[in-house]
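Once you scroll down, you'll see the structures, which are given as structure tokens.
Look at the two complexes coming up: chain A is in both, with chain B in one and chain C in the other.
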Partner chain A sequence: MDKAYITRGVKRCSTPRFLLWIAPWAALLVFGIYCAGLCLVKGLNQTNMDNRFAFGLWIFLDLTVIALGAGAFFTGFLLYILKFKELKAVINSAVVIGLVCYSGAMAALMVDVGQPLRAWFTFWYPNVHSMLTEVTFCISCYLAVLLIEYLPIVLRNRKLREVPGFLVFEFELHKLIYVLAGVGTFLSFFHQGSLGGLYGVLRGRPFAFREGIFVWPSTFFLFILSAAAVGPSFIILTTSLVEKITKKRLVKRRAFDLLARISGLLLAVYVLAKTLDTLIWINRTSPAHGFTASQYYDWKPFGTWILFAEIVLCGMVPALILLTPRLRARRAWLISAAALACSGVALNRFVQTIQTLALPTLSFDKFLSYTPSWQETGTFLAVAAYGVLVYSFSFRYFQVFPEERELEAGAGRY
Partner chain B sequence: MFPWNYGFHWGAASYLFLGAFYTVVAVVATTLLRALLRARRDLRGNRTERIRWHSDFNDLPAADRVCRHVLTGEFKHRECPHAFDCRECATHAKLMEHAKLMEHRPATTPGESESEIFGMQFPAGRYYHRGHAWARPESDGTVTIGLDDLGARLLGTPDAVVLPSAGTQVRANGTAFRVRRREADVRILSPVDGEVVETGGADRGYFLRVKPPAGGMDMRHLLSGAEVKPWLMREMERLQMTLTMEGGSVPSLADGGVPVRDIAAAYPRADWDAVCGEMFLEP
Partner chain C sequence: MSSETRKTPTGRYGMTIDIDRCNGCGACMVACAVENNVPPAASAATDRTGITWIRVFRIDNGGQGDAQRSAFVPMLCQHCGDAPCVSVCPQQAIDVDPVTGIVGQMPERCLGCRYCMVACPYHARYFNWLDPAWPAGMEKTLNPDVAPRMRGVVEKCNFCHGRLHAAKQMGAGNGLPSYIPACAEACPTQAIHFGNLDDGAAEVAKGARNPNSFRLLESIGTDPKIYYRSKKKWVREIANAPHPEKENSRG
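== the complex of A and B ==
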């Protein structure tokens, strides 16, 4: 039915089958929109957050998807600025993932902050000393950049490119895409850093507070590094997942290998930096605030296992796998390492958000526990459903993987 | 700073912070505007066809973008850097200076000698485009453009053909005319530049006659003579692969047979849109 809109020569499932695939995700999205609507109309009393536990599931989701979506800026930087041509095979997918992650995070933030009609206040009354202002400016600008980067992918649709205006605009925009890649790198770089910096400057929360360079705490740099490290891993993971679901090869192995090498190298540097930072925090920063590090890990379930899982299991182990040619050449090892790396960054963002707020800091404070309400969970799931839907439509109607046709042809050769 | 923002004071931090971000906004807006202006210039300058071909060419699989000198064995691997427009290629010019192929160039006068290759007619007096169109210089200075025998067999009896009207400008690698057969709707690439002076319908075999631009017709980018056979050999391989891939046939060994008159009718289950897209270089 929709064959005229599908790229020539690539195989896609039938329209009814596609509708069957998107139906549950669309239902989840509708439910999530209802949940978000409740929060916007009735207020944040619909959530289980309060003045003390002001950051919950949404901020964890926000930080995690922003980190995972870093593959978009980093792949763009590697391809258009550093000229790693192999990454042309995954750049469109990276842009779609980046767009989904950033727009999803922004939607969750809109619900979290509330009062969407006053969203423009942050631009009109900017507090230039606030990391949050930096975050807002960066996320807004970078989302605009991602939308512009997504435009050529849309305009390359078989039906749309029949319109001469769209064809030439796409062509000219693509020629200037390196400018957007550079701007995107700058914005995402500062955005990741500012998100990390948000926690690092919390003097009242010694678990999160870190020393640093000039106005930037160490978490500023650690967030950038960790995002750049797991971005390529997330691309490996999502591409492998799409290959598994569609039962076809979409990307040549050399692109995977390059992404794995880059991810492994950056992850190794991150693990080293994180270890140093943790040692400084344990031995200097935290004692100066009157806490021994062990006190943070007395509160179950936040034991020292988290530190081990974050640095060793989801940091050092995947870094070693990704840096070992023989291991990363095996698909199972590669995907496991990429999944571990992505879990590691999610765990780091969880610790920064939830553990920081759960731990008592004053003598009369209690250890707080927090479970998200169904409205919060529904909104969270809506972001995931939205991501699947945007990616599914993009994969069906746009050339997300330019090598797909060639690889299909290769598979046909006997 | 802004109206009604009374509490705002400019300081080093605000200069730095707002300066950086409004610069970013300005760069993004300028980039977008520049792309829009260039697009407008392209549309007004009739560059659409050139852009379409460049875009299509980059979308072709690497195996289809090979240099013509790979087909003749002069290079082992080489991707065409000029989107099949050898008129701009210094390497091609250098090779042609020495090539014996020059001796086999077709005569520029009419009167063709028949040449059968793999059971198909590829007259020696014509120049061939890799998108399965031919060009033949006529004695009155015009050039006739048509579909080569393999292209004609692929499309069989077309369901519809859209020919340009007289006076239309066509350019090499731009659209000459469009053909529809079954679910396939493909554009046939023009082998030469020029102005259409006459078109021929179904009764005369579809063709265009074009008047070359001032300065004469340059055919250096087209295949001719001894180049045609190796190119066609590769095309037959490509066709076989594509038919296998698109569900038209099971993998089989070539037995030396001749392509049937109407290949589309012979493979009713094949995705003909994909087959034609591949063979007529329209990804």
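== the complex of A and C ==
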């Protein structure tokens, strides 16, 4: 039925089968939109957030998806600025993932604020000292960059190419790609950093507060590094998942190998920096504020296992696997390592958001817990469903993996 | 505020609270709510979603039976000199008045991102999770000098700015106008005193200098302007960071 829109030389499942695949995700998206609608119309009382847990599931989601979506800017940086040509095979996929992650996060943020119609106030009355201002500016600008980067992928659709104007426009856009990659890298670096700074500057929360390097707290740099490290891992994960679902080889091995090496190297640097930062925090920053670091881990279930999981299990272990050629050559090891790395960054964002708020600051405070409401969870799931849908449509109708045709003809070998 | 007034700092409003005098009656909470048009708690509101610009916490010494001792701690915005909430607000909805030292909140400009609430170590900021509503007839008791806040914005103690404005209208001399916030006025045991901390002769300044006086979480460097006071050592220890093994109760 939709054969005319599918790229020449690649095989896609039948339309009914595709509809069957997207139906549950579409249903989840509709349910999530209903949940988000409830929060917008009736207010944030529909959530289980409160005056102590002022941030919750959505901020955790935003931080995590934006870190995972970092593959978009980082792959663009590696391909267009540092000229790693092997990454051409995954750049389109990285752009789609980046677009999904950033737009999904933006949508969740719009539901998360009490007065979404006042979002423009941040641009009109910006507080230049606020990390959230930096986040707002960078996320908005970078989303615009991602949309422009996504446009050529759309315009290369078989049917749309029949329109001469689109072809010319796509050609002209392509000339801009180096500029866009540069701007995107700058914006996203700053954005990842300012998300880290969001917590690092919290002097009132000694668990999150970190000392600064120049004007930025150390978390600013740690967030950039961790996002750049797991971005490629997330591309490995998603590409492998798409290969598994579609039962196709989409990318040549060398691209995976390069992504794994880059991810492993950056993860190793991150683990080192994170360890150093944690030691400084335990021995200097936290005690200087009257809080001994050990007390943070006496409030169960947030024991020291979190530090171990974050630094060793989901940091050092995947870094070693990804840096060992023999191990990363095995698909199971590669995927496990990439999954561990992504889990590590998700755990880090969870700790920053949830543990920071759960811990008491006053001596007569209690350690509090929080469970998201079904409306919050529904909105959260809608972002995931939206991501799957955008990716599914992009994969079906656009050339997300340029090497697919060649591999399908039997030239490549995974 | 004009640039001229910015150049003429005349003091810092602050408060002393004598914990040994506080009997936990909650009159300050009621007076504050009435003065500042804080609506009665909705049926859906909880301890963690309700709005109380000033909230009385019960603490105890951790003892059992006869050894147990309790005290009450009224908690409100500490009007920090180096307020952690100010720098984080993305749209300048919070400021520290350089003339009075009051940390002001502009609900009309608030986006409701709640970053300031995360930044505040005293949990003295409240989000309007629900629409403000007054039972039929009760809206006639609203204070015409204070605008009620809408759903989706943050609010907090502002040292009764309605009363400050009224005092400014009446005052003619130099220095900070003299007035009393609703909580201090309503306290039956006179545990709360308010005034200019920079005026050495003022009772509040003398109270702040009392050797039994302390501020909460001074170690994090927020420079709060609420001075608590108690002769009991175990009460004075609440100024410090929490310890998991020594659990106090809150009310």
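Throughout what follows, the second predicted complex is superposed on the first by the 409 of 414 C-alpha atoms of A that agree within 3 Å, B and C clash if a C-alpha of one lies under 4 Å from a C-alpha of the other, contacts with A are read in each partner's own complex, and residues count from 1 in each chain.
The rule we apply is simple: contacts are C-beta pairs under 8 Å (C-beta built on N, C-alpha and C of every residue); 3 or more make two chains touch, one makes a residue touch a chain.
Remember, it's a predicted structure, so these values are computed and weren't measured experimentally.
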Partner chain(s) touched by A:Ile148 [first = chain B, second = chain C, both, neither]: first
Partner chain in contact with A:Ser14 - chain B first, chain C second, else both or neither: neither
Touching partner for A:Glu408 - first (chain B), second (chain C), both, neither: first
Chain B versus chain C as contact partner of A:Tyr125, first or second or both or neither: both
Partner chain(s) touched by A:Pro164 [first = chain B, second = chain C, both, neither]: first
Chain B versus chain C as contact partner of A:Phe186, first or second or both or neither: first
Chain C-contacting residues of chain A that also contact chain B: 124-126, 129, 133
Residue ranges of chain C in contact with chain A within the complex: 44, 46, 48-49, 57, 59, 73, 84-85, 87-93, 109-115, 117-123, 125-131, 150-154, 216-217, 219-222, 237-245, 247-250
Residue numbers on chain A that touch chain C, as the complex places them: 43-45, 49-55, 112-115, 118-119, 121-122, 124-127, 129-133, 136, 198, 201-206, 288-292, 295, 298-299, 356-357, 360-368
Residue ranges of chain A touching chain B (in the complex, touch as defined): 3, 7-9, 124-126, 128-129, 133-134, 137-138, 141, 144-145, 148, 156, 161, 164-165, 167-173, 175-176, 179-180, 183, 186-187, 399, 402, 405-406, 408-409, 411-414
Complex contacts: residues of chain B adjacent to chain A: 2, 4-5, 7-8, 11, 13-14, 17-18, 21, 24-25, 27-28, 31-32, 34-36, 38-39, 42-43, 47-48, 51-52, 54-55, 59, 61-63, 183, 241-242, 244-246, 251, 271, 273-274, 277-278, 282-283
